């Protein structure tokens, strides 16, 4: 059982991401509050919220079908799985070959489709509206994400995230213009996919603007808790994907247990930086009109494709 | 002996029906005489299969694979048409469109027309061939004007003038042929006998023959309905009684094409370059294209199928023009299947227009509901004539198109466009007639649809399987057409 | 069995279909014979055919000559791995559809059902013969018989003018395509009049004629497949046909066009050129995007599905095109991968599109409506159909771990081989096509969220004040036979999605038999659990593990939640942000869902919108979105034809002197020519 | 004069035939047209008889007799009766004016001569130089049919064309075999009768023999 350490690591890593996700969310909220000159809530506030929600009675809309009740679990499960695939701490992940970057994108797509279906399941005006808007964001964000990942895949010649990370981390330092394009595109996708300003505002329930929140209006208690938690995991997973592609330094190699503390520290540092950056972006930008979102994301898609083309053009 | 029988039965029928054609049993008598002709033709065919080609009556008549197959086809379609004509003409009488005197004319002339066609086919004398062909015009011209309506008179007049003038050119061509042959064969009867001409064809004077061919092509081509000599054809088909349209399209055009092909064989022997083939391909292609574009403008159902006949005669002419064993085979096969399919279509068209009381396609609707057999007959017949497999028309078109692609690729775009346009035109018009809510009434006499389905069944069979003896037959004829 | 006996058995199964069809004509007082006996028998024949085909893919090819057909060209039959694969597709999909049809046609009269039975089985048999044919003539006969029988099936409800015109358009385009294919065979001739495929294979074409043959074949098969701009018949004909027939047409028939393309390009012409591949890619990309974008704005369920068929044909073409480019540049391993991806997607689409059309059929049967705007909440009335439809919807949206994802994954892997190419322009274009594919995949997901959300979820919608049609009529879920058919195809989605490795090996064999080259050895050595197109370090995917982990994680989550959660649940009216007076009309409609896309991709659509004025007493909003191709391609062609026929009519002005003049001038002209 | 007298006679008659053809082309009156047709027939019969005499071919005598009976007597008589019964004696209208027609006719005659010259040089008959004239007659009659507006002159044009054909047969080859000649003659006779029947039917339906009434069947 030479794979046993790998399996253990994989479990450990996914549990780490899942459990730390609300913390990252709390950190982002804290930073934002600081930047906006408000007094910051506790960094543990997301945990309190989850605990509170888990103890409430669930209210289920009478109009819904089983899809509505299954969806939170599916969302949570998908995100958990994603957390297991991305090399957060180390590249030695025995299950990673089961799903490469394309499957990862597919996993996010599955989660999105279920979320949208659940929203439509309620048969309310806001549910449909949210689902429609979410899919409108998704149909551009998803290919942009895929193209970003492809840029990295072309550079490293593989669609395995672990291989990509190993290849990117161990190449002698070189500036990849294509990766620069990809990074910008990825950032835009990250904002859109995680319902962040300027695409969406996670802090509002204003019917004219809300996207993600409109979808989960009918959820309560444990369902809501799972949905929110899944959203937090998603944010962390996206961040770690970003680290893997654009800042793969510090991720431990296969079997190198000694590098683990360093990897952990590097991860913490990167997450802290990224959270702060996110808060900065959210502070400086304003939310866009809905139809500007499609332009914003078309831009992301275009940049990602351009990045891919640049790879070929620059190479030869 | 069989030849005498083949020619004698319809002639006797003509005489008999000239006397009794107005009686109640005349339609049956008509059918019986045609059946007799068919039996005689079958005997003749059997003899040719057994003994091979032969000539008779001082070599004035002869039979070879080429004409015996057309004789059989002619006798067969002439017979099935009488079966169709029986309820059709009775219904016409019932509707007071015809009286008994006209029916007598009709029955008698029908037999005489069969006779002239058979005479054309069997005659070994190129001059007699001309005479019989002109006779075929004369016998049908009164049938076209049978209803005595202004339109039918106009159609008949045009038919008469154009075909007579056309065929007069063919006589000039025949004279030139005789002129050339006389030098080789000497004056007298032998110089016009096709069998003799065929033997000496390479010795005939090329200049004269090329001129002769031009005259014969224009002459007989008028009867074939080659564009731009085709103008009589749609009128005559649309205004005559439907059985006559069926035999005109199914048989007379074939017979005229037969005459053209016979001339071509002689000319090809005399000339080095493929002069006749080129002309025929040109005319064929022009007819196909012109007819296709005419099709989409039609309102009258019979007129539309008349244009379709022009199109198909064009395809055959093109095929014979290309020459070679495959194309000639295809041409012969196309003659057969077109004749069967087109007559079947005219049978259903006849009943359909009687059931709806009009030939206007805009007023014929939903046949399949009133009478599924008429509706299916028309639908399947039209699809067959449009070259839809597994019907036999496709078989010959397959051979023509592939051969054309191989040997004359320049021609295929025209064929492609024409076939496409024709399909859109005919099918676009037939579909609403067959489907939808019906406008049809019950017919006073039950329609004769057995011939329709027999024809279509044969055509279907030819699309999937051509019996070996038929293949031999076609091959021998094709080898000889070259 | 060895391959000759497999061929004979396949032939027997095809003939059995014909015989079953003819049995349908036996006059019966009740439709029970056809429903209870004939259609299930047809399904059995389909299963048998699928089994034979699956075996044949692993055996050397076998041929057979029947004493039918043309004198010089008797019917040739051949069963090789490619044909075997398509027989497998045809047999397995048709088995499900036939079983379903046995339950579906329950309200037809005996006479009509007999006719449908005949046409249906002739349709099936002709498709089998298309696949088995080994000469141009039999191929064409089977090809056109297929068109003809399906035409009659499409026009089953011929009293509706829309259905008649759909049928006309369908047969028209099919016939034009067939003529082009026929000419392509004509170009490929090998020797005097020999059009057996062996002769065509042996023929040595110059690059010019090979390209002509390819273009003709591409046009002809493309017309049947539904690539733009020849797709116009597809969204008309598929909705018009009875649903099992739509399922067969969309699932199998248009795949025979893919078969034809592969057969002609790789096998008969041979020597694939990369320029052809680029053409296929460009057309494929256009077809993909166009299909999905038009699907998004449809509100007729079957029409929407039909546009998705257009899209999926585009995706298959993308795979084929990439394969041709790679082969053309001499990279057989990548080329084989592209071919495999295309064929895999062919099968996948057959299965899930069949499933979706059958699901649509059940809805139509149960509620009598096809308009999404009038549906809603069907999941409560027909939960079983809803479940199967969900499977189909997830599969077509290319979500893991179902089958649609596998083939798209393979396509992406093919595109990622682009660095192999030497030609810089082509190399940088290939990723663009991958981007197209990604975009189309996401749009498809959006579209099926719309379909599923609107049809099955939410509440029944009111339509123009009338009582909700869906609620009123929808009483029943699908019957047992229908369920069996749906379950069969849904199982197919799972099997093809979860066990792709064995299919990959089969398809590798198909590709190798056609082109002589297959995937790398490393790719073939991996175990059945893993899908490895090139080498394990580069890319791999294991749907089983994927599924197991997802299921495990979800179960663990549920277990964990149970640990902390007390489990109390209250059912209440939806909250909806506290808005009072909710009615079902306030739900999103299909049009509303498409409207956003209509705005983003505005210029692609020809939108005719009517907005009510402010003071309008009876305000009415209408939106019609038309296919631009009508105005770009079809109407100009129709007008040109009309113009020409007007000019030609000038020949026939009724005046006899003019006619005589024609004869005269012809004569004089020819005489001048002769001199 | 190297040519024999009979040949010269035939040439003279041929010239007469051509002249008559031109005369018919320019003639406006129906009755005169019929007379001209009869004269043409007579010239044809005479030339056939001369050739028969010169070459001693018996069947040509027969042919000459047939022509005389049919084309000089029977058909003109039938036509006469017809126009008497139908009261059509008035002038004939043409579609194109007569000078233009004549000019075209001259062009046609020249064309026919140039076409026939190489062929007639191959012929061994004494009448060979008349083949061009025969062809010219045929083409002129054709032209006449095209430009005439009434049914009767059209038929006369057709009959004149038949005359030209007969003349061609005699001049090029001393006539066709007898059986063919008989057949052709029968056809012409039956055809004339049918034309006659048609005149009555047309008259009955349209009250006129003007073929402008018969332009209804057309594509529009």
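Going in written order, the chains are labelled A, B, C and D, and every chain counts its residues from 1.
Heads up, the rule we're going with is that a residue touches a chain if its C-beta (ideal position, glycine included) is under 8 Å from a C-beta of that chain, and two chains touch if they have at least 3 such contacts.
Keep in mind that this is a model prediction, so the values were computed, not measured.
Asks: Based on mean C-alpha positions, I'd like to know which chain lies farthest from chain C.
Replies: Measuring from the centre of chain C, the most distant chain centre belongs to D.
Asks: Across the interfaces C-D and A-C, which one involves more C-beta pairs in contact?
Replies: Spelling it out, more C-beta pairs touch across A-C than across the other pair.
Asks: Using CA atom averages as chain centres, what separation in Å is found between chain C and chain D?
Replies: That gives a centre separation of 70 Å.
Asks: For chain A and chain C, let me know how many angstrom lie between their CA-based centres, rounded off.
Replies: 35
Asks: Averaging only over C-alpha atoms, locate the centres of chain B and chain C and give their separation in whole Å.
Replies: One centre to the other, that is 44 Å.
Asks: Measuring centre to centre with CA averages, how many angstrom lie between chain A and chain D?
Replies: 101
Asks: Give me the residue numbers in chain D that touch at least two other chains, ranges are fine.
Replies: Each of 115, 142, 145, 154, 211, 214-217, 219 in chain D touches at least two other chains.
Asks: So which bits of chain C are touching at least two other chains?
Replies: 649, 651-652, 656, 660, 663, 667, 671
Asks: By the touch definition up top, name every chain pair that qualifies.
Replies: A-C, B-C, B-D, C-D
Asks: Going by the contact rule at the top, pick out the chain A residues touching chain C in the complex.
Replies: 54-55, 57-65, 67, 73-74, 76-78, 80-81, 84, 95, 97-100, 102-103, 106-107, 109-110, 112-113, 116-117, 119-129, 131-133, 135-136, 138-143, 146-147, 150, 153-154, 157-160, 163, 205, 207, 217-218, 222, 226, 291, 294, 301, 304-305, 308-309, 312-313, 315-316
Asks: Quick one: in the complex, what on chain B touches chain D?
Replies: Listed in rising order, the residues are 60, 125, 127-128, 130-132, 134-135, 138, 141-142, 145, 148-151, 153-158, 160-161, 164-165, 168, 171-172, 174-176, 178-179, 182-183, 187-189, 191-192, 205, 207-208, 211, 234-235, 238-239, 294, 297.
Asks: Can you tell me which positions in chain D touch chain C when the two form their complex?
Replies: 95, 111, 114-115, 139, 142-143, 145-149, 154, 211, 214-220
Asks: Under the definition above, what is the set of chain C residues touching chain B in their complex?
Replies: The touching residues are 67-72, 136-137, 140-145, 147-148, 155, 158-159, 161, 164, 167-168, 171-172, 175-176, 179-180, 182-183, 185-187, 189, 192-193, 195, 641-642, 644-649, 651-652, 656, 659-660, 662-663, 666-667, 670-671, 674.
Asks: Looking at the complex, which residues from chain C come into contact with chain A?
Replies: By the definition above, chain C touches chain A via 376-377, 379-380, 386, 390, 394, 397-400, 405, 408-409, 412-413, 415-416, 418-419, 424, 427-428, 431-432, 434-435, 438-439, 441-443, 445-446, 448-450, 452-454, 456-459, 530, 536-542, 545-546, 549-550, 553-554, 557-558, 561, 564-566, 568-577, 579, 582, 584, 586-588, 592-593, 596-597, 599-600.
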